[in-house]
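Structure record follows, encoded as structure tokens.
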Amino acid sequence: MFSIEQLKKSLLVSLWFAFLTFPLLVIKVDPIERTVQWRWENMALVAIGSFLVSLLVRVFYKHQERRRERKSALDAVEREPWMQVILKEPRYLYPLSGAVLLCSLIFPHLFSTYQTNIMITALMYVMLGLGLNIVVGLAGLLDLGYVAFYAVGAYSYALLNYHFDLGFWMALPIGALMAALFGVLLGFPVLRLRGDYLAIVTLGFGEIIRLILENWNDFSQGPSGISNIPRPGFFGIELSLEGAILYLYYIMIAMVIFTIFVVNRLQDSRIGRAWVALREDEIACQAMGIDKRKTKLTAFALGATWAGLVGVIFAAKTTFINPASFTFLESAIILCIVVLGGMGSIFGVIVGALVLILLPEYLRALSDYRMLAFGAVLVTMMIFRPQGVVANIRRSYQFKSKSEGESQ
Amino acid sequence: MSKPVLQVDGLSMDFGGIRAMCELDLEVQQGQIVALIGPNGAGKTTFFNCVTGIYNPTGGNVFLNPPDGSKPIRLNGLKPNQVTAKGMARTFQNIRLFQKMTVLENVMIGRHCRTSSYIFGAVFRTRSTRREEQETVQKSYRILQKVGLADAVNELAENLPYGAQRRLEIARALATEPFLLLLDEPAAGMNPQETQELDELIKQIRDEGHSILLIEHDMKLVMSLSDKIYVVDYGKKIAEGSPREVSSDPAVIKAYLGEDIDA
Amino acid sequence: MEYFIELFFSGLTRGSIYALIALGYTMVYGIIGLINFAHGEIYMIGAFTSFVIATVLSIYGFPLLSIVLIAGLAAAVWSASYGYTIEKIAYRPLRKAPRLSALISAIGMSIFLQNYVLLAQSSDFQPFPELIPDFDFMEPYAHVVGSSDMVILLTTALVMVGLTLLIKFSRIGKAMRATSQDRTMAMLVGIDVNRVISMTFIIGSALAAIGGMLVASHIGQINFFIGFIAGIKAFTAAVLGGIGSIPGAVLGGFVLGLTESFATGYVSSDYEDVFAFSLLVLILIFKPAGLLGREETQKV
């Protein structure tokens, strides 16, 4: 099954990793007690683990190579992956969506409030992922400071409520608008920038905003944050905690449906095509008459809007916000969702968000390894499947006869 | 006599210390097919880039005179998308298609500057937006029929064979409704059959009222198509005239083949 | 006036550390055009490795000098190994992929390494032993320049000289310069490009590790997150000086270090990080070529 060559190479790999991780994984010092702990079991784990992974990767590459040879030899027609088929055919898509919607509606009545709360968080990240998907997935702009717009939305609600008693429902559109405004403001300086520089500058912006929130105490109340943010009002009736969470859950379902609806419409529209053209080839895109500045700013603004909305909801859900919730790590997690799910693919992003947010919750035992897994996912996806779990498919058009044309 | 659709006077382009183009004059009359030829590195693509707004020329003037008689437009300093909106479209020497978009979508992108629906229309699918989308699809499809790619509408651009990709680039440029089409080595890498089909296609485009400026190395194609040829070398114009005049010009022969030792 | 001198030397010290880390960024960017997001973590791993080794050795009663040398060597060796491994696993497979893929991979690596150290060691700040004793001859200047500062400055100076000699006169240095100018051509003349790239990572990582150890000893504590902020600042320094330029990284490091020192000393210390981030943003927007870099024109 495995050749000697493969086994030998994998053995070397495992020895290398045992060496590599020795100081940090094996040795544990207590500088105060002046003791040293030698955790040799970690070394054994690393050695075995890396041996197996290395072997698996080699087998995977071999398998890939054989598949490629077979395909070119037979000149076989590429069969469409089943997921794309489901998503394209209305007769599959509609009943499936209906079933999912039904399940999500009765979900809170089958599970506990705690579970519902987790699901709310997951849905929030679905929205965030779909928002970032516009910027990164469709327009190809690697925005590492997306969390800034999230913060803008949250702080808009918190501050407007604190100073002017503004309610949740009023705050929603205002938060969205503020975020869109910031999207344009932050987008302006980066219009001329190339991919990696754009990424770093947006990261810089995100951090600057967080640091300002943390230090400008007069404005944002600094690290202690703002508390007593009211939950969404239900016709003025005071809700219990369970009731409030249930209410918020349904609000989230509605918002997610709204988001999917809007993003779907945008994707196959004139502006959506312009975004993808921008991503594919910025120079050709301009040569074909598309104003790249306007297109980029629109992407930033529209992407930011969703983060702003979720920000308001986040403030209402947790009733307390502080700058520590809006670190670069958040941007990285949302990026991870888009990368895992599939850049440009709505369904993929939804799957990505649910997987990355729900899995750690249900595998509570492994929650310490959550961020470690996120990092690994980013690296692995880029190397093995950069298009994501569900690759984005472009729309097909049907034409009746030679002279006539009609779109699907 | 009407004004030339494209009028270039004394165009110069410097990159730091390098003078890539030196006071080039060029004209394209309405309905003409003009060829720009010269050895590799002569500055032909640089010329295209200067004229289409990718570079801002360091000297000289580029004027577009729309055939419908409206005001002449000075192209210096305009951005590429503005130039295209004014009526001049181009293809690229190294194919620059939108690889992950379908054939039809690539052409539909060309319609962008001739349509206007934006966020509101897209989200609410207003009547005007729906009509515009329908029109965009129809027009794009018709252009694809013209270049012979109607069967591949839903193929990803990256999956097309090389010759088809070149035709798709032309289709995409045509979708912007230009009155002047700039083609950068459209026949590069094509076999004789494909080149012949390209010849017919370009003639058809000209017959439909477009003017064409093309950069090409395939001399048979150039001789067959061109009403006028400009020859450049080292960024300078070294000859201009009809195909016959140019092919017997000693300066042109020298530029391509080098000087005869015995001469 | 004394305050000024104190800030000046403190700025030089900061600048030295930034320079040491910035060199790694600039060398990698010069050779494969990638912003090695995980480089800050290499620095942090260097600090942690020296922390662990130094503490173990001191518990077993080794003399100070040998601790410094062994811990320093260990930090350099292990960081270099991490750098080499990261390049091989996360960047090499993506050499032909679009640039953004490699950047995303680098971000993933950075997050992975941060949490690896967090889990392997601890989330708390760890006290770092003072490896550089107060020298007697430094006594009169102690209120403006510490012994630790002096050592850092000297080490950095030595490293700079060594690196410059290496790049200018050695075979591998020549190969590095060739590869960063034109990779395909370098391959065609027989340079083992993979080896050169690995070497670049190894050298850059070793330098960052030394910086890590020095700074950890200077400040007295470390934790798994120091790589992020130091990485951003060092990257700022590299860009400020002109990314891809080795003297630029050094210049940028000192300029950033001094400016930061004076800004926090005379203006406010709360906004220290904001200042660095803002500087980074401004440079990238207005003068991405930096002080010593060359403007890149794109060929169409």
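Each chain gets a letter, A, B and C, in the order it is written, and its residues are counted from 1.
One rule holds in what follows: a residue touches a chain if its C-beta (ideal position, glycine included) is under 8 Å from a C-beta of that chain, and two chains touch if they have at least 3 such contacts.
All of these numbers come straight from a predicted model, not from anything done at the bench.
With respect to subunit B, maximal separation of chain centres occurs for C (centres as means of Cα atoms). Of all chains present, the one whose mean CA position sits nearest the global mean of protein CA atoms is A. The centroid of the Cα atoms in subunit A and the matching centroid in subunit B are 41 Å apart. If you average the CA atoms of subunit B and of subunit C, the two centres end up 49 Å from each other. Rounded to whole angstrom, the centroid-to-centroid distance between subunit A and subunit C, based on C-alpha atoms, equals 30 Å.
Residue positions 300 of subunit C are each in touch with at least two other chains. Residues of subunit B in contact with two or more other chains: 54, 92. Residue positions of subunit A touching 2 or more other chains, listed in rising order: 283. Per the touch definition, subunit A reaches subunit C in the complex via residues 16, 19-21, 23-25, 27-29, 31-32, 34-36, 42, 140, 142, 144, 189-190, 192-193, 195-197, 199-201, 203-205, 207-208, 211-212, 215, 283, 328-329, 332, 335-336, 339, 368-369, 371-372, 374-380, 382-383, 386. The touching residues of subunit C, when paired with subunit A in their complex, are 34-35, 45, 48-49, 51-53, 55-56, 59, 74, 78, 81-82, 85, 89-90, 93-94, 97-105, 107-117, 119-121, 126-127, 129, 228, 232, 235, 270-271, 273-274, 277-278, 280-281, 284-285, 288, 300. Within the complex formed with subunit A, the subunit B residues making contact are 52, 54, 79-81, 84-85, 89-90, 92, 96-102, 104-105, 108-110, 112-115, 117-119, 121-123, 125, 129, 132-134, 136-138, 141-142, 145, 150, 153-154, 156, 172-173, 176.
For subunit A in complex with subunit B, the touching residues are 262, 265-266, 269-274, 276-277, 280-281, 283-292, 298, 302, 392, 394-397, 399, 402, 405, 407.
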